[in-house]
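Shown next, in structure tokens, is the structure this report addresses.
Note that the chains take the letters A, B, C and D in the order they are written out, and that residue 1 is the start of every chain.
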Amino acid sequence: MLFNLDGTKPIYIQLSEWLENEILNGNFESDQKIYSQYQLAEIFNINPATAAKGLNILADEQILYKKRGLGMFVVNSAKEMILAKRKNQTLKRLVQEIVLEAGRLQVSKEELIEMIKTADIGEAEK
Amino acid sequence: MMAIIPLLLTAIIIITLAILTARAVNRNVNRKGKYSYSRRVCWIFSGYVAVLLICVVLDTVHPGNIVDGWKKVDTKGLEKESIDLYDAALEGEIANIGSILRKEWSFDYHGQQLDVVVTQDEYLNASVIVERKHNNDDKIEAAFYQTRQSVNGMDITELAKPPHLEIAEDGLLLSNPKKNKIKYSEFTNVFSVKQFTGEDFFRHDSNFSGGQSILYLRIPKDLELIDKTGINLNYIEQE
Amino acid sequence: MSLTKVSLTNVVKKQYVYKLKAYSQVFMSLIFLQLLAVFFSLNGVGGMAGGDESIDVEVKYFSSDYVTAFTMLWGFITAILITTKAYRNDDFVFVTNRVSSNLSNAVFLLTASFIGGITAMLSSYLLKVIIYYFISDVPIKSTTILEAPLELLLGIFSTFLYIFLFCALGYLVGTLVQISKAFTVLLPAAFFGGLILDGLRGKSGAIAYVFEFFFTESSLPLFIVKIIVSAGLLFSGAFVLSNRLEVRA
Amino acid sequence: MSVIECNGLTKVYGGTKALNNLSFKIEENKITGLIGRNGAGKTTLLKIIAGLIKETAGELKVFSEKPFNSLQVSANVIFLHDQMNLPTALNLKELLETAASFYPNWDRELADRLLDYFSLNPLQHYNGLSKGMKSTFNMILGLSARVPLTLFDEPTSGMDAAVRKDFYRALLKDYIAYPRTIIISSHHLNEIEDLLEDILLVKEGKELHHMPVADLKEWAIGLQGNTAVIGEWTKNKEVIYTKSIGIDQSYVVVRNHFTETEGQRARNAGIDITPVTASDLCVYLTSKTKGGIDDVFNKG
């Protein structure tokens, strides 16, 4: 299966992240209809209600918008919103964890900043 | 009441057998076959019914072995018939019921006395009735009369032979005929039918009616019969 | 998904069709038992010897009494059989309730009785033919179907009713056993105990009375009424008793 | 609309309560997982829903009717379990034909295709099948019948991993095409977790929890760290499971009432916070003691 079922994150979170990636990768353009909950359920072999929950996260964040009876569509600024969100949340959380781990390993803040600076940035971002 | 016990024993045997067959059949069921079990049962059962129907046809067209030529007889009249015969004989009127005369003999005898002897058996299977003639013609006339005999409502008179008569030296020898054996089978209705047709339920009611046999002797007027073996000689009273 | 509406008669009909197939093994045991009974009957069911000095008469009787009796017992056993778990629970795989299950069982037993009645009567012809051709060397007195067609019909009908009565009895007995295993001991004990007691007292008791009640009834209409009422009572008893019976594995 | 409404349901078997005052509701067109230990009363509950057995006390209604002796309920419910009493005289093909005659929505084509896919010989008899094949056949019956309420009791028992996977997929696809209410009882929660919408957790005949399966993942968290520190942190929490690791380390599962900042502070205090998988959580929740099997060996 595509998802890590025993994973730490609930399936619907993983699903919403996967959809975000799809949008980021350009598989869905603005105003394009995205997968329905049933399509997603079939693709990932999950309960449609769970799939709907994943879609609803994105709808709540206004990355998707609903058209009654037609399904969900990608908003214009979806990519930007996703990027902003990830910066805000994901990166922040990761930094938090790094700082924590650094504390445990008795790495000073300066040392840590130095490590970040020297980290190879090439592949990850582009 | 006691008759039920063997019935119950059979019942128990049957129940055990039935359960065993059911088990065996059950085990048989699980075999994989080209045809489904229920269809096989259907075929086997149809085959069974077909055999039964063929038997019905065979039974109707069955040519031989059936008791044929045996007339039916109304058993109710038989008893009266035999009493009538006896009474008529004693009254000397036997000749008037001549239709049941089976056999006649006639012997010449010149003596004054005649021993009557039953040979072989102790008794003669017929009543002996004697009529004295009005003259002495040196002739003994014998006739054997018999009413109809029946078994289970069928006339078997023809199957009984008349007795044997012979004049030997100074004696009339009487002997029963060679016994005739009749064996036959009867197919009766099942109890669930008999119950409604008035037949005896669960029992096979047999009746045998031997009929009346009379040996009628007409002897010369002055001949004296000597009963050697104790058969009852009945003389017709004459005025 | 929208709900399905079903009617009792419809379900009973389907269950009946299903049971004809699913319970088909009982017809194999019917054939077996009837053939066995025919075999037992080959020796005759009775005889008579009589005669006088001039004639000896020996009569041997044949009839399909055994076949009929065996078939009645078959009905009894079949009815018990279909109340056992292995068969009873078959219904509960598919659409059913206890009423429809009981009704379709009753209709099935009615059919089985009818088939049993017909074959029991017809098997007397098998018996005849075997006796004619293979057994008997003496003349046989019998009536063919053409001579007495009504007797055959009467036989089929009354035998069918008898079998059905035994089915009803078996069904009640089987149901009681399903309710409590204690009845497997109690019922035979009561039956045989009653018989033995009657035997000791030298009087005929309830069992003999019941026996006479049916088997000596010479009026067909009365017989029909007796059977229908008794079978009806026995079945209703079984229906009422089994209506709360749970399905246990 | 509630398909099943259950209020104070109790079932007594020979003195012991298989179900004890159980109450819940099951909504239409949801797949619910019925989870519990052996002997928790799962099968008993399903049998009552299917109308096979009668409740001792309380009330259970299926489609607003009491299922025991209800023909309407029976026509709209199919119950598949591993002790199915299918008639021995019929082969698989005939069994499917019979089922088709009873269920108006029966999908003949689906049944035939599934039979073919799982290489079941239609001329074979049910009794001759292996345990896994019996389960497979039950599944075919359950899916093809397309009844509004389908009950699967341990549907995958005896199936090998490949067939189990196929079964889950087949179930989901048919459910998406023909939504209906399905209840699955299973030991393999981790396998069916994603199929489920709701989960009904029973323990000793009582309802423990009834919630969307998605919520279950966030319902509790695992804390691992120094025993003393953990003890401090879990003092006023609802502890679900504890286990000691090494000399002074502990793993404790508690209800997840932690706020973001609280979690942060815990982490700073040296506690590892990890999510608990749904199946682990169910094991913890349904176990008799908080320490699980370890308690047996911890005599002190």
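In this section, contacts are C-beta pairs under 8 Å (C-beta built on N, C-alpha and C of every residue); 3 or more make two chains touch, one makes a residue touch a chain.
Worth saying up front: this structure is predicted, and the values here are computed from it rather than measured.
Interface comparison, A-D versus C-D: the higher number of contacting C-beta pairs is recorded for C-D.
Chain A and chain D have CA centres that are 31 Å apart. Annotation: 48 Å between the Cα-based centres of chain C and chain D.
Note: centroid distance chain A to chain B, computed from Cα atoms, is 112 Å. Here the spacing of chain B and chain D, counted between their Cα centres, is 84 Å. Within chain A, no positions touching two or more other chains are listed. Looking at chain D, residues 88-90, 94 sit in touch with two or more other chains. Counting partner chains per residue, chain C has residues 21-22, 24-25 touching two or more of them.
Taken as a contact graph, with one node per protein chain and an edge wherever two chains touch, the assembly fits none of the named shapes, being neither a line, a ring, a star nor a complete graph.
Pairs of chains that satisfy the touch definition comprise A-D, B-C, B-D, C-D. Residues 88-91, 93-94, 121, 123-125, 127-128 of chain D are the ones touching chain B in the complex. In the complex of the two chains, the chain B residues touching chain C come out as 1-2, 4-5, 7-8, 10-11, 14-15, 17-19, 21-22, 25-26, 29, 37-38, 41-42, 44-45, 48-49, 51-53, 55-56, 58-60, 62, 65-68, 70, 121, 123, 125, 149, 151-152, 154, 156, 159-161, 163, 176-177, 179-193, 195-198, 201-204, 206, 208, 210, 213.
In the complex of the two chains, the chain C residues touching chain D come out as 1-6, 8, 11, 14, 17-18, 21-25, 85-87, 89-90, 92-100, 243-244, 246-249.
Partner chain D is touched in their complex by these residues of chain B: 26, 29-34, 36-38, 41.
Across the interface of their complex, chain B is touched by residues 20-22, 24-29, 31-33, 36, 44-48, 50-65, 67-70, 73-74, 77, 81, 119-126, 128-129, 131-132, 136, 138-146, 151, 154-155, 158-159, 162, 192, 195, 198-199, 204, 208, 211, 215-220, 223 of chain C.
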